[in-house]
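Heads up, the next two complexes both have chain A, just with different partners, chain B and then chain C.
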Partner chain A sequence: MLVIGMLRKAQSGAALLGIVGLAILISPTAADGSRIFLQVGNLTDILRQVSLIGIISLAMTFVILTGGIDLSVGSILALSTAVAAMGLTRAWQNAPYARHILLAIALAVAASALAGALNGAIVATTRIQPFIVTLASMIGVRGLAKWLTDNQNIDIGFGRDVAAEFAAVFREKAIAIGAYAVCAALFWAVLARTVFGRYVRAIGDNEKAAEYAGLPIGRTKIWVYTLSGLLSGVAGVLYAAENHQGNPNAGVAYELDAIAGVVIGGARLSGGRGSISGTIVGTLIMGILTNMLRLNNVDSNVEMMIKAVIIVLAVAVQRNSD
Partner chain B sequence: MAELLQVRNVNKHYGGVCALKNAHFALRTGEVHALIGENGAGKTTLSRIVAGSALADTANIAMDGRPATIASPVDAQRLGIGIIYQELDLFPNLTVGENLVIGNLHFREGRLVSPRRIEAFCRPFLDRVGLACGAGEVVAALSIGQKQLVAIARALSMNARILLMDEPTSSLFDDAVERLFGLIGELKRAGVSVVYISHKMDEIFRICDRATVLRDGETIGTVEIAATNATHANQDIRTRMIRMMVGRDLQMVPPPERRDPGEVLLAVEHLTTDKLRGVSFELRRGEVLGVAGLVGAGRSELGAALFGMDRIRSGAVRAHGSIGLVPEDRRLQGLMMRMSVLENCTIAVLPRMQRLGFIRHQQERRELEPLARRLGLDCDSTARPVNQLSGGNQQKALLARWLLRDPDVLFLDDPTRGIDVGAKQDIYGIVDELAAAGKGVILVSSELPELLRCCHRIMVLSEGRLTAIFDAKEATQENIMAAATTRDRRASPEARF
Partner chain C sequence: MTRRLPILFVLGAMLLASCGGGAKKQLAVAFSQANNAEPYRAMQNAFMSKLFAQYPDVKLAIADAQQDNSRQVAQVETFIRQKPDLLIVAPNERAALTAVMGQAVDAKIPVICLERDILQPNYTSYVHSDNLAIGRLAGQFIVDQLTKKYGKPKGKVVAMRGLLGVEGEINRDRGAREVFDKYPEIRIVAEPVADWIQAKAKDRMTEVLRTEARIDAVYGHNDPMAIGAYLAARELGRDKEMIFVGVDGLGGPAGGIRKVMDGILAATFVYPLCVDKTVEIADKILHQPGFKPEKEYLLESAMVTPENAARMYEKFTVPGMN
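And now, the complex of A and B:
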């Protein structure tokens, strides 16, 4: 169902197919003559590499649909890695491994959701522009993460302890990709099928009309930013496992990658237009592009320039079809 | 007289809505020419096309007999066409002088702005329109009437030979109206042609030479007015023009029979907000209460206050039941234009169509279907985006949203604005049905015949005060207009908004 919806709705589906085709075409070949791009290991690498940004961009889609923006996701991710690492190394020393790990993850995700809820509460009650509110929390939450960790990375998983167990499990490709898939399915269902999802689209389409229709605008916005914080927290947990550390400097500029994925997927920054399927396609386009260029040994600075062109092109094409 | 401007074969669509269909008119040198028609007839769109601020799908425009292309306001300025918009498109935080010279092809300045040069450039035009203030005054500090004079001076300073005025008196008071008419007379004598857009018959008969009637985006015909001073001839033309405007003889449908007044649904006592002053009335079950008043009288603000969107400063609103509000501007305040008809209709009742947060799509369709039939909501599929519908069907979709909600009191703010005659009749029918079903309806309208057709009682607002409440039997267009123009001499008009 999700896949069908994706193909039908995503205006950028054709672009995705084009990029995949190009990647196959120019892919270097392995010793046995097969194309490296198409190897299962490479394809799952792509999915794993986009999974963190992908998870963040799902909730970012909701935020952008309401006409808002969330610049604080990278900082919240850093907070989450720090809190998770602290929970694993400094608390609950006598708890069994499974419960200890769950508590640490829950604490990290809850702290992240709380930071998002604060964003949402300020946006909903003060009517300060979301850009400014989340710009402030991008700075403030980064400060909080650094203050909590005393500017230090907290290494995890280099011994034979609970942290090592955590890292061993959660750095698995299947876990990262699975988490992305589950979150995508949930967020797609929420947007397409629930009252909350309908409100999100309605508010972004015409907030004045939503007010006249008596919709719960404030409550909806608080939830949207809370979800954004929550998913940044989930991404932070995965980041900590993958990199074996709680890192208060993690996730810098992640907000921009997430926003890029959303807009390539066809969303308008002024709200009311965008979809989960489009965002997934947008995220995949960026991921495949990175992979394709790296397989062909393209300089990473050139890669950034090419990405810039792709972003503008993708959005320009959608303007015309609007 | 030579024809200065010829406008022919103008077509214009907004999305799926046809705004103009083969509209045309011709303007002579030094005449005051009215464009007249009901709301939504296409007067404003036509004038915007001539002024270059809207692009037609097709248009043949000739100036002095030579074909002209008007693709932007600058093109219009070069041809000597100026426009005074209804909402006066001035920069409120700039000075009078800056407003006159900005974008003005006839004002050449060096790299630096010199207040002295601006003053020297503006003085003759400000004198000509009779504006006493200096060019250095900030526009926001002026009254509405003065702002309008600034807009006219701006057009004149651009060397306009043709002046388009869109509903220039809609927000003016009597003395300012007189001053404006005097100025129009002077301009006419100086050879300036004026296109005067209005739906007010009296004004048109006072100052216009000819009138072109538009209906549903089409030109119905042009009528000579000037020569007729005799009252009976005048009356003939008037009747003829009204018939041209509405496409039928105005038949006075008797006001609906008033059944026994039911219990009080809504009691409003001394309601005062930023825009309303001490308004008191009652609405009973089964009653349709009309609200008349000029633009800015506080009609929409009454709805905003009842619906809890404006802060109530003093007074009380006692509602025995729920209140629904169908706002005035369906594009800005009503509909989510990118969402489907179905989604727009059910958005306010979703909580009752869900299970565990998930929308029950079948129930959505099942509930909307009979209502859509009853409203005559005409669209092949309710899954279509609402912006592809005509104005009348958009209005019905908005109405459907509130009928699904089924409130006890429904506040309809100008629900027939800019929609076609058939859709209007459908909406009148719904209002009758609602009253018969024991609801209370408050109906705001700019069209008095509409109020007389639908309402049991009509209340009149002027400058935020309630100046009269008429029973249907005693209400006439004349006494309603008189009450609508009653004003409080103590309050200066400038202080209002």
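And now, the complex of A and C:
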């Protein structure tokens, strides 16, 4: 088991290295002859561009490990951008900036975690499949975000007001990448080093066995979906800062990107198998691929076809070790 | 089964509550909107609701097709069954909606086609603006600015493209290209596709900035994409190097006109909402028996620059709306 696990990790690592190698090889060069792909600025661009999907996919890994799925993450992200922007522009007008910003972020993340908890509670207490529960909340939460904002974007300007200050701080590359790194470390530690992490894996591996062993299945599931909502909320706050707006239409199809990252990272959709490191590798493969093709001005229609081939190849390489 | 009965009862009650009331004679106006998610279209909806609210005998119903042809066809079919006194359709795509709008005309329902054309004149009246002309205006503005900068028409332009294949995207692109083609020293150095979405435009512009050492102008085929490009350039400290030009020119704090006032966009070109004209015609169709509307109404664009932005903001911002 251990050997196979290590082999599999080595192979997803090999897929990543292959893409990086290709990207370096075909990278256009700057005026000084250096490869643009390898510039520190470009490498951090990639990390920042994948950070939101990356953060969401960490909790998605937990959800998929339990044999579930969370389709509502994009809608929850939109809710979070909207709540954060509304909190910043329409509430607590007299609070000091730091407290005002913290309150707005807390409100956005709390609303998102609540939406996730609702998913979890329904999944845990009814026999409705997670796909259906989160499909419903994908629709419902999107509606909530649009209703709250009256379908309008909520603008965060460039002035000196509290909303602008919020954006100035949280749109920083280091913040987005740092948030991704911190969340990744935490989720890795929880999965690999805690009892809760073992429950998550055990439930997806064999739910009946876990039930007979007396594991707290319902509670674990509620937590897993709550975490998924919470991280979608964190990603939403970063989105609002980066794009200077609360946008009820943000995050459409993000659930698919997040699931793609998890699956390319070697997770099994039926649960029980998957890892945080694999998910990070899967997310990076997608990000580097996009960057590589854009730097070379590849036609955007061709780009989609190339991506399709590489996704299948990346997963196939790993499946061969089964 | 018995346990499910209460749920069914509640659902039934909700259904009854939602369609109850309304026995008195009112004029029904049905509006099938292509996609509420675009700010331009959200603004159309809000503006239309506001204008029709002036007529107490008119009841407006808006359906959102969510950028999906078959959904919109189904919605129009349902509207035809309801026999409204007027049907307004903002078609998602030309070919898909042509036939069903013909059915509405055959059913003797007056039909106003809003802003996007269809393959056959299956409407009572067609209210629209001219994207090709807007493309030419935007192209000429960029040429003039570059001439001012270098003493002759030369420079590097990035075209930030919307959803490929859509009429607005095709003609906004073609119009500007026609103008650029007259000046051999003006080159389009990159034309990334960002599907009208600000967040995507920011990512795609980041890559262009990495590969192009000097850029003189960004032509965003809508304002959100021009703003996304600005955010990317600003992050790299290069926002002063180039000008940003957009199209849409919406009012309100999150619209493009505000961004011209803030010095973010050098100019935006108003793509008229077409709503005030539509409501004006609708009023006559509904209240003046025997009124014969024109087959086509063409509304002109307007250029918004820092000189006239404040005035345009007044004109295009609907009071009481975001």
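Observations on the model:
Please note the rule applied: the second predicted complex is superposed on the first by the 310 of 322 C-alpha atoms of A that agree within 3 Å, B and C clash if a C-alpha of one lies under 4 Å from a C-alpha of the other, contacts with A are read in each partner's own complex, and residues count from 1 in each chain.
We adopt the following convention: a contact is a pair of C-beta atoms (placed from the backbone, for glycine too) under 8 Å apart; a residue touches a chain by one contact, two chains touch by 3 or more.
Only a predicted model underlies this, so the values are computations on that prediction, with no experimental measurement involved.
Overlay on chain A: chain B and chain C fit together in the combined arrangement. With both structures placed on the common chain, the touch criterion links A:D45 to chain C but leaves chain B unconnected. Judged by the number of chain A residues each one touches, C leads among chain B and chain C.
Of the two partner chains, chain B is the only one touched by A:A210; chain C is not. In the superposition on chain A, A:N243 makes contact with chain C only, not with chain B. In the superposed model, A:S300 lies in contact with chain C only, and not with chain B. In this overlay, which is a superposition and not a single complex, chain B and chain C have their closest Cα atoms 17 Å apart.
Put simply, chain A uses no single residue to touch chain B in one complex and chain C in the other.
Only residues 28, 30-31, 36, 39, 41-42, 45, 49, 146, 150-155, 157-158, 171, 173, 239, 242-245, 247, 249-250, 252, 291, 294-295, 297, 300-301 of chain A touch chain C when the two sit together in their complex.
Contact residues of chain A toward chain B in the complex are 193-196, 198-199, 201-202, 205-206, 208-215, 272-273.
Those residues of chain C whose C-beta lies close enough to touch chain A in the complex are 36-37, 39, 42-43, 45-46, 164, 190, 192-193, 198-199, 202-204, 206-208, 210-211, 213, 227-228, 231, 235-236, 252-254, 258, 262, 264, 321-322. On the side of chain B, the complex with chain A involves touching residues 307, 309, 325, 327, 332-339, 343, 347-348, 350-351, 354, 357-359, 401.
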